[in-house]
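Quick heads-up: structures coming right below.
Each of the two complexes below includes chain A, the first together with chain B, the second together with chain C.
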Partner chain A sequence: MYRTVKRMGIPDSHIILMLADDMACNPRNSFPAAVYDHPRKTLDLYGDNVEVDYRGYEVTVENFIRLLTGRVAADTPRNKRLLTDDKSNVFIYMTGHGGEDFLKFQDSEEINSYDIADAFKQMWEKQRYREILFIIDTCQANTMYSKFDSPNILSIGSSKKGQNSLSHFHDYDLGVSVIDRFTYYNLEFFESVDLSSKQTLADLIAAYNTSLIQSDPGVRTDLFARDLAKTYLTDFFGAVQNVELTTEAFPIGKSK
Partner chain B sequence: MPALGDRIRALLGRRSEAKTIISVQNDRRVVLASILLLLLLGLPLWWTTTRVYRAELPVAEIAVFAPDQELTVPFSFYIDAPSMTVATEAIEHMAQKLIDEQRTAYTPDEWRVRYTARIRHKAAAPDVPGHYTLRLREAARTAVDFDADRVAHVSISESATKRDAVVAKLVADIVAKEEHELREKSGARRALKYAPEYSVAFTLLNEDPVGGAAVNWDIEHAANAFVRPFVDTLRPLAKLAVSTQVLHHAGPPPVKPLAHENGTYLTPDMLPHFANSPWWNLASTDPIAPSINFILYVPALQSQPLRIIDDAKRTSATNAFVVSQWGGIAIANLPADTKAGASVVISSDELQKYFGIFIAQLRELVGIRNDTPLQPSTRVT
Partner chain C sequence: MRFPSHIALALCGGLLTAAETFTEDLLVKPLQDGRVLLHFEFSVQRAAPTANDTLHHYQLFPRQIGEISRRYDVNELYLSFTQGGWREGKWGSPPVNSQGIGAEVRARIKEGDPAKSESQWRGLTNALSGVFCASLNFIDTTNTATPRLTFADADSPASGVLRHGYLPRENVCTENLTPWVKQLPCQSKSGLGLLLNPYRLYNTDFHSMELSLSSMKDGKGTPVQQYKQRLSVVVDPGTLGLGDRWSLADLVDRQLGTACPVAARSTVRVIQPGFGLKLTPKPSETSKLAGRGVSVFDLHKQPSVDIVFEFAPQEGNDAWPSERPTISAHRYVTGHGGSSGGVESTLTNRGDKPVNVTYLDVLPWYLRVYSHTLEIQTQAADGSWALLRPTSVAFTPAIDRERPSSLELALVLPPSSRTTLRYSFDKGFLKYTEHPPDANRGFNIGPAIVSYQHDALSGELPLHCAIEQALAGPSECIVRTYTELFLASLPTPDFSMPYNVITFTCTILALFFGRIFNLLTRDFAVLKPFEA
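Entry: the complex of A and B
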């Protein structure tokens, strides 16, 4: 997802990347500084321009909630703050081990769906977003968005309650499975999308193939005001800026 | 505990007294009195020492609080009244009062830019840009007629004092309308959110120095001459920290310009993606203050001259555009006879033209109308 949003033009100043493990530079990684999504190793997801904002032990439930609600310490640098306002579209993607109503952080704690719902409610009260796209890829992911009740949130989960979200290709060189199915098929869809694409979220959801993903992705649209068929992917995944031509210069040096 | 009672009585010197009813009742009274004393003194003491401290909100002070960091931008009005005497100071006072009354309170996110009226008699050829001219004359009815180029023909039929009030109201209406228009801009044309400190970064971006020319600019002099006056004027409102950099080999932009018979061009729908390159290092040097980026882009030699052609097929005069909430970009084309491998320095005179564009863009981002000077020229009385 990080690769996708960067490819579609969102700069690092507008991306907050939280990685609890450093897989690319892990001593057990036989292909250092590279993260592949397929045993054929055609696509390096890590790329050559990665900015990780929260790493290792900084990825905690407390830091995540503080980030969302804006209650960060006064000396937090700008790249670790969520500097959104009431006109921003926020895209949140979470993945890891999880279960019914929880997601595991750091092997020692969990964030549950009530926490996230409360954080979103606070964000709405403080007008920190216009729309949120929340995508989650864990086991029983659809339970994570069941507790939201703030407006303008579109949620997509990888598997429903009682179902596991499975991982995809097993790479025999590395000895692990390199990517989850749901994330892999999302990535495959986005490889065909670029900056000026006019495809919509309805296209993305229609492209989910349950038999390939081997779980039932769920979508929650009752809180989302717009029609999915009219919501462009670039609204969330790309950076489309408002531009205005400058018609005349200011006459400096002449009238002062 | 009879032994204890005996010991106490022994201490008090009443060794041999037997326990009579009166002494028992006395004891009871003493016990009761001490319990009452404990409650009477002890409870208030415990309450005052253990209650939670609650600070009062100084409501009265908040009501009168008025932060004085405002930027005053004067609108110049020139009155041309050959047949009447007009008291400009009185009109100015009245108009100012009316404008201040009509102004709504500023929200915390807004730049506090206060428009005022500055009224003078018309002298010969005032050269302050963005001024209004009011031509007054006596007539049967009061009427106002707006002309192109900000000239208003006002026919007044009132007596002298009422006349001043009519002119003052007209001036106040014009200024209030301008201020309202600027503050109500929404969507793409919204001004930046107010912050007490901003970091303004000017970048010279050279797409391809290898196949083209190596570019540099005389920035120190230009920044001092052209940017510093604006930054100083804005000082009471916000601190702008100016920094500059040159990116010598920036690489191509994310959108490829379209070919033309005389160079290349960009259309307005290609512009939103122009600044999105992940390879242009526009990271801010200031970790806390929000940043505004201005880019002077020198295209590769084979793309030059690169122009912007708008939807009406007209070539842009300035070759520049504002990216809302982010900054601005201006495209600098090198002289036509530049050869590959040359070394070009953009001189102060050319920089004056580009910085004129950048200052115009900065004014728009901050929410000041583009053609009103922040300090009126002192030459005209």
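Entry: the complex of A and C
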């Protein structure tokens, strides 16, 4: 997803990337400094221009909640803060091992659905977002957004309760599967979207093919005020500045 | 009216570029085992900002660094990220003065209120962590030392306390290179920055990326600030499928273009192994470096040059001169079990003169060093052992969860000798929550640093000094040798124990409670058989 939003013109200063593992430069990666989405190795998701904001042991549940709610230490640099206000659309994509109502962080702790719901509630009270698009790819992912109760949140999960989210494409050069099915088909869809695209969130959701993803993606729209068929993908995934045209000339300079 | 303003602009631009100079150089050195060392060096120099300079104008000098140094009163700053060990037996002396694995930060912060400079150091490491996408914010008082002997370079006019922080587990990858490249005046658009291809730079046996900010005086005695960015990698043409004939473009998979237009000097220098290497095209000039011939390609004169390297088939490695540095240092961890251990360091002096060295070992608080166990023995060339007394000892004991222990020794290593240092430690207990997520892996412990002045010694100049003197002019040569890291395995608790205790206790409680509740509340009565 980092690759997708960056390709759509969102600068690194507006992206906060948290990576617990150093997959790209790990000595066991036989293709150094690259992470591919497919064994054919045409699309490098890591890229040669990546900026990671939280890495290694910094990726903890505490830091994630602090980041969302803005309660960070005084010395924290700008790229480790979520500098948003009530005009900001926030897109959160989480993936990893998880289960009913939890997602694992590192190998030692987990965030649960109540933690995220509470953090979003605080964000709403502190006017830290206008709308949130929350996408999560993990086993039983749809349980993760079931506890949300703050307005203007659209949530998408990769699989329903009791279902696994499966990985995709085993790479025999690396000895691991390179991507998750849900993430891969999202990525594939977004490769066809560009800045001028008029595709909407409803198009994205309609493109989910249950037989390919091998789980049932869920969407929760009851908190989201807008009609999905009228919400452009670029509202969350691209840096598109909307120009509002007025019928009359706007007076400049004569403030008296 | 337009014409004079153009002249004024041009004049203004001329003056400003004259105040800041930028040079870029790449050194290519074929190594004995067929690998190739690439050493990039980018340097910006500007007049030192004065206290009443309120404009804070930046042209070539990176603004990020200027602002950080101003905000945190930093006179001297050094940051390096290194992966892979430098094999001095095969590769000779390293091209950089710091080759310890992990991330190292050193800064000299202006003297002042200790509490303020402590918070400035914390602010500095946090700011650097933001700029360079690294976990440098993990440097706090528990892994910061203030060595007095090791980094006391006499030529530095900067005053203040030098703090030294080390993160032995920090890795280096594309995300660290991205901001580093963005600080170059031409980024990766032209000049030598074009060759910085992360796919090749991380496919290496040794990778070291560093930057240093220093204050000094130029030839006229005016104070200047110098910012240097260095990147050294050891590439193996063999693993890239290249044989005896390849070009620089094959090696890094990028084509060289024109020189960076604002660079006062832009060169590629090939250090000749002395035999068997043919270069095409012809270099712009040739010079000498550490007794070797150097072919210099000036990118201003030869833009888009693609240097082709052709190696004659070799008959053994006998012709290669031995380039082992005079002093080498290794450190091992001794002992076994979870309660105690020790450190054994070996310092070898291959020269024919005694050498004054300083030895610095900073150990985290959970390795409790016993200074009375320090034992220094030296073995002469004839095999006889003798005790060696240090000329000075500076030992700072650790405080739990507050500061590391630091051992600094000044030693005189006898000629042709091997000196062994031994000291023991106990392993402390960490709290349940102080363990990292992969607790059973153990803790990486940063290297010991051995430093000495090379000037008084005979023999070949170490490579990093030779580079410094060839590019910047004569300077004194201080060598720092870093030992290996070691892995300390501390006693780890059974992380599932609280869960086990809870389930076990609850089971017993439930059984006990059920029984007693039954006994207390039930009324036991003898039932009469049903009478029909």
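In this text, the second predicted complex is superposed on the first by the 241 of 256 C-alpha atoms of A that agree within 3 Å, B and C clash if a C-alpha of one lies under 4 Å from a C-alpha of the other, contacts with A are read in each partner's own complex, and residues count from 1 in each chain.
In the analysis below, a residue touches a chain if its C-beta (ideal position, glycine included) is under 8 Å from a C-beta of that chain, and two chains touch if they have at least 3 such contacts.
Since the structure is predicted, the reported quantities are computational estimates derived from the model, not experimental observations.
Undergrad: Once chain A of both complexes is superposed, is A:149 in touch with chain B (first), chain C (second), both, or neither?
TA: Touch status of A:149: no partner.
Undergrad: Considering only touches as defined above, state whether A:77 meets chain B (first), chain C (second), both or neither.
TA: Both partners.
Undergrad: According to the stated criteria, A:195 is in contact with first (chain B), second (chain C), both, or neither; which is it?
TA: Once the two structures are laid over each other on A, A:195 reaches chain B alone.
Undergrad: Considering only touches as defined above, state whether A:9 meets chain B (first), chain C (second), both or neither.
TA: first
Undergrad: Is A:125 contacted by the first partner chain B, the second partner chain C, both or neither?
TA: The answer is neither, since A:125 touches no partner chain.
Undergrad: Return first, second, both or neither, reflecting whether A:108 touches chain B, chain C, both chains, or no partner chain.
TA: second
Undergrad: Which partner chains sit in contact with A:252 here, chain B, chain C, both or neither? Use first/second/both/neither.
TA: First partner only, chain B.
Undergrad: Would you sort A:242 into first (chain B), second (chain C), both or neither based on which partner it touches?
TA: The answer is first: A:242 touches chain B but not chain C.
Undergrad: Does chain B (first) or chain C (second) touch A:85, or do both, or does neither?
TA: Only chain B; A:85 stays clear of chain C.
Undergrad: Under the contact definition given at the top, report the residues of chain A touching chain B in one complex and chain C in the other.
TA: Common to the two interfaces on chain A: residues 49, 77-79.
Undergrad: Quick one: in the complex, what on chain C touches chain A?
TA: Spelled out, the residues of chain C in touch with chain A are 83, 122-123, 126-127, 129-131, 133-135, 137-138, 169-175, 178-179, 197-199, 201-203, 436-438, 495.
Undergrad: Can you name the residues of chain A that touch chain C in the complex?
TA: So the residues of chain A in touch with chain C come to 22, 24-25, 32-34, 46-53, 55-58, 73, 75-80, 106-109.
Undergrad: Looking at the complex, which residues from chain A come into contact with chain B?
TA: 6, 9-13, 49, 77-79, 83, 85, 87, 195-196, 239-253, 255-256
Undergrad: Along chain B, where are the residues that touch chain A in the complex?
TA: So the residues of chain B touching chain A come out as 127-129, 187-190, 193, 225-226, 229, 254, 268, 271-273, 275-276, 278-279, 282-284, 287-288, 290, 308, 310, 316-318, 320-326, 328, 330, 352-353, 355-357, 359-361, 363-364, 370-371, 373, 375, 377.
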